[in-house]
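For clarity, chains are labelled A, B, C and D in written order, and residue numbers in each chain start from 1.
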Amino acid sequence: MDKSTIICRCEEISYEEIEEVLTNGATTFDDIKRLTRCGMGPCQSKICHSLVASMIHEKTNTPYFQIPLPRMRMPLSPIKLETLATNSTSFSSVKSVMDEVELEDGKVR
Amino acid sequence: MDRSYETIIIGGGVVGSSIAYHLSEQTKEAVLVLDQKFPLSGTSGSTQAWVWVHNKTPSWYAEFSMYSAELYSYLSKKIGDVEFKRTGGLSPFFNEADREKAVRLAEAYEQIGIKIKVLSREEALEKEPFLNPDVVGATYSAIDGNVNPFRLVDRYMRAAKKNGVQYSTYNKVTEIQKMPGKFIVVSEKGEFSCKNLILAGGTWSRELGKLVDVNIPINQLRGQILVTEPLKPFLNYTISGLRQAFNGEVLIGYSMEQEGFNRATTLDVIQETANMAVHYVPSLKKAKVVRAFSGIRAMPEDGFPILGKIPGVENLYVAATHSGVTLSPLIGTLMTELILEGETSIPIDRYSISRFAK
Amino acid sequence: METDILIIGAGPAGLAAAFEMASKGLDVTIVDESITMGGQLNQQTQVIPSLPSSFQSMRGFELAAHLTKQLEEYDIRYLLGHRVIGFYKDGSVGITDEQDVFAVKAKKIIVATGAAENAVAFPKWTLPGVMTIGAAQTMINRDFVQPGKEAVIVGSSDFALDAALQLSEVGVHVKGFIEKNAGILSRDLEKIEQVKKMGIPIYLDSFIKEARGMGAVEEIEIEIGTRVLTEKVDLVCVDGGRSPILDIFYQLGCSFGYQKELGGWVPQYNHQFQTDRQDIFLAGNAAGISTQGVLLVTGMLAGINVCEAVGAITKTIADEEKDFLWKELEILETKYNPNIWEARNRHMENFAHPVIKEQFLS
Amino acid sequence: MHIQHHPILGGQLHKPVTIYFNDQPYKAYEQQTVAAALMANDIKRLGLSRNLVQPRGLFCTRGRCCSCYMTVNGEDHVRTCMVKVEEGMKIYLNDEDPDVRREFCGD
């Protein structure tokens, strides 16, 4: 394949860029993703993952069943923040920085 | 691959790779980094990557963080562009009780020469016009910023490799034997020997410590982070809780859960994080979230870095910390000094693992 | 919101499962991102070969209508135009209508998310006018839009042949098939004959060397052995095969195994079409890419297994129905794709030994 | 081109609607998605890629690839293969990253 061919449509990562990190030790889709941004765009690797799996297979001779799936993430496809938000102002797991500043006798701990 | 090294570093994350790089700048002796997976597959690849001093307490820890933050400006010149931006850090608050904390924090910092400004509502909105107008005020520090964590570790790794450091990835260490004058490190891909051994296992430090009968009291703390699609640049500062990356994505999150090594995300926390985002910056309402991820942070039992020699075992070192991104340039520098010269330019006694023995 | 059963996906398998369960008195909710039921059947205008014995021969969109109609007499909750975005800590499913997100607590879930088309990359495949064969078929048969005037098809599967024939019927000039392998992938001799009669060339051992065009594809270079052929086209339909859609299984923490014949990675499941997350069942293409008739039977089987699991029917009745359906499944699948049937059995035998498991434990 | 007479399904396009692409009116039919209706009017380029500034258009029609992102009725990054046309809909190209817009927030 022509080396300039785009593999990841979203982030426009080329065959050549993926090839480079494969020769630099990356072996899984997620390794490639973190080093090149391949698969990090809005489609979240839905389109490129099979193309990348073929590349890993060809370049590293890894059988397909040993090439793990890319990590799939919520919210599965893009969603507006206001749709996710519930307008609640009570937080349990989410903190603010000031929550972590503790005062003791009127002084910072 | 060679089997004998001067130094072996277990863990190729931001801390391990920084040590490898800094060490390789100072010595030509052989260095090997072992990683059970691949650098960035753990904590270093799942972070907002603030370079953050701002609200670190107590002040001596803030000072330590500040020294590291200062090193970032030079780092890009040495290892390449890591998209470091000293944006300044802004911590908005929405009630008067927090203003009291902010004022006390600023006072405490003044004594060590870190300037924290407590901004009024108007000042905060002037600096960051997209903040919620209901904001009461904010603390501001010019020293804070952020960095691209993927680039950071990749550049550390590439620079280290260029200097001759070897990496062995997807190679879990299963056993460590202490022999006179050397360590035998047994891994899935065979045995290696070395004079110096550095444990930089991050969240896995406790497990690594067990291999040498040392208690490294590091626990896991899960943080869930949302990432939006790229937006035109509109946020000026690293806001405690969210920041806009070079490519326009906004990273949002400040959650803490104790879930061990479970990296799942949950809608409970994702929605809470969305609430925080629209509370801080209401204009984000229409922005779309493209992904949510969890990072397992390394959290020392008392919150402070565990650095230096492990007492009683010659040439055995540990570097395990929270805030690894902020502290990596300094930890890399100091550990290099410690290994090559036996002492450090900035005292790290306070961070010795021996403090837990008391 | 609470429901006995949540079915994710209103395609053939999901609807077949819904019928089995609703007809046995279960409280069923179906969620689908589309506002129409029937999934990909809606744009299938060809006659579906080999349906289960209880079905008459019909076209894809007619089958969609039939499956929808047979649910009419039951009180099923439809969440159309809704999609699953993830899961809460307590296992509830997070569903959105793009306005709000709400939680659905289900006793059992059947995931029937179907298949996605794989891409084929070549220089400038990102140009407008280059689309999947499924996309082209959707344009002509669902939206009634001609996506181009002159087309080539990359691939030669049954699916590619159907799409080419249908494109021709609406007036698109199909200028050829470009197949990278040395032989035609489709085994449907009748359709191959039809294509040949129409004078559409099938280029074997060939690929697109490059696409060109300013705002959209205008021209392609086809490399055929040592020869390069330049064709003016404004539509390139790519067929990279199909794979199960896995993101929901992944989020649920289900395990996976690899079977090339089933489309690659497939959630691990047993003879009950149950994943290793006990409350999660699956059906349809998500359980391995197969033909429409088979997809329906997997849906029925999943439905009956769920009925049995929640006590809506006795084991004796369930066993009887399942025996019958498994026989039907074997007949339908071995008729066209004996290798898929074998792979499916291998996959089920591997239930206790998944390749990917505990994906969230770092 | 709209297919007025489908060889198997016959004439199905009954309810025309007017949509506005770049403020110009175009004819569409009720059951069509935005991306399909534009394609019927020979509009195939729906946006530009972020980095290399290359044309993008409909690719998967399943809401997966996001190549058909456009701005529809003021909302950025709408997957136009998943949204049906409505009378008077205003559609613009997705040629650059969205701005956050304070006017939406009502504050």
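What we mean here is this: contacts are C-beta pairs under 8 Å (C-beta built on N, C-alpha and C of every residue); 3 or more make two chains touch, one makes a residue touch a chain.
It should be emphasised that the depicted structure is a prediction, and the values quoted were computed from it without experimental measurement.
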item	value
Middle chain, criterion being Cα centroid separation	A
Winner on C-beta contact pairs when A-C is weighed against A-D	A-C
Inter-centroid spacing, chain D versus chain C (mean Cα positions, whole Å)	25
Euclidean distance of C-alpha centroids - chain A vs chain D, Å	28
Whole-Å gap between the CA centroids of chain B and chain D	44
Multi-chain contact residues (two or more partners), chain C	85-87, 94, 101, 116, 126, 251
For chain A, residues contacting two or more additional chains	6, 9, 41-42, 46-47, 71, 74-75, 77-80, 84, 86
Residues of chain D touching at least two other chains	49-50, 54, 56, 59-60, 63-64, 67, 77
Residues of chain D that touch chain C when the two form their complex	1-4, 6-9, 12-13, 29, 31-33, 36-37, 39-40, 44-46, 49, 54-64, 67, 81-82, 84
Contact footprint of chain D on chain B as seen in their complex	130, 132-133, 229-232, 234, 248, 281-288
Chain A to chain C touching residues, read off their complex	1-2, 4-7, 9, 15, 46-48, 50-51, 53, 64-65, 68-69, 71-72, 74-77, 79-80, 83-84, 86
Of chain A, residues touching chain D in the complex	6, 9-12, 41-43, 46-47, 77-78
Partner chain B, residues of chain D touching it in the complex	50, 75-77, 96-102, 104-105, 107
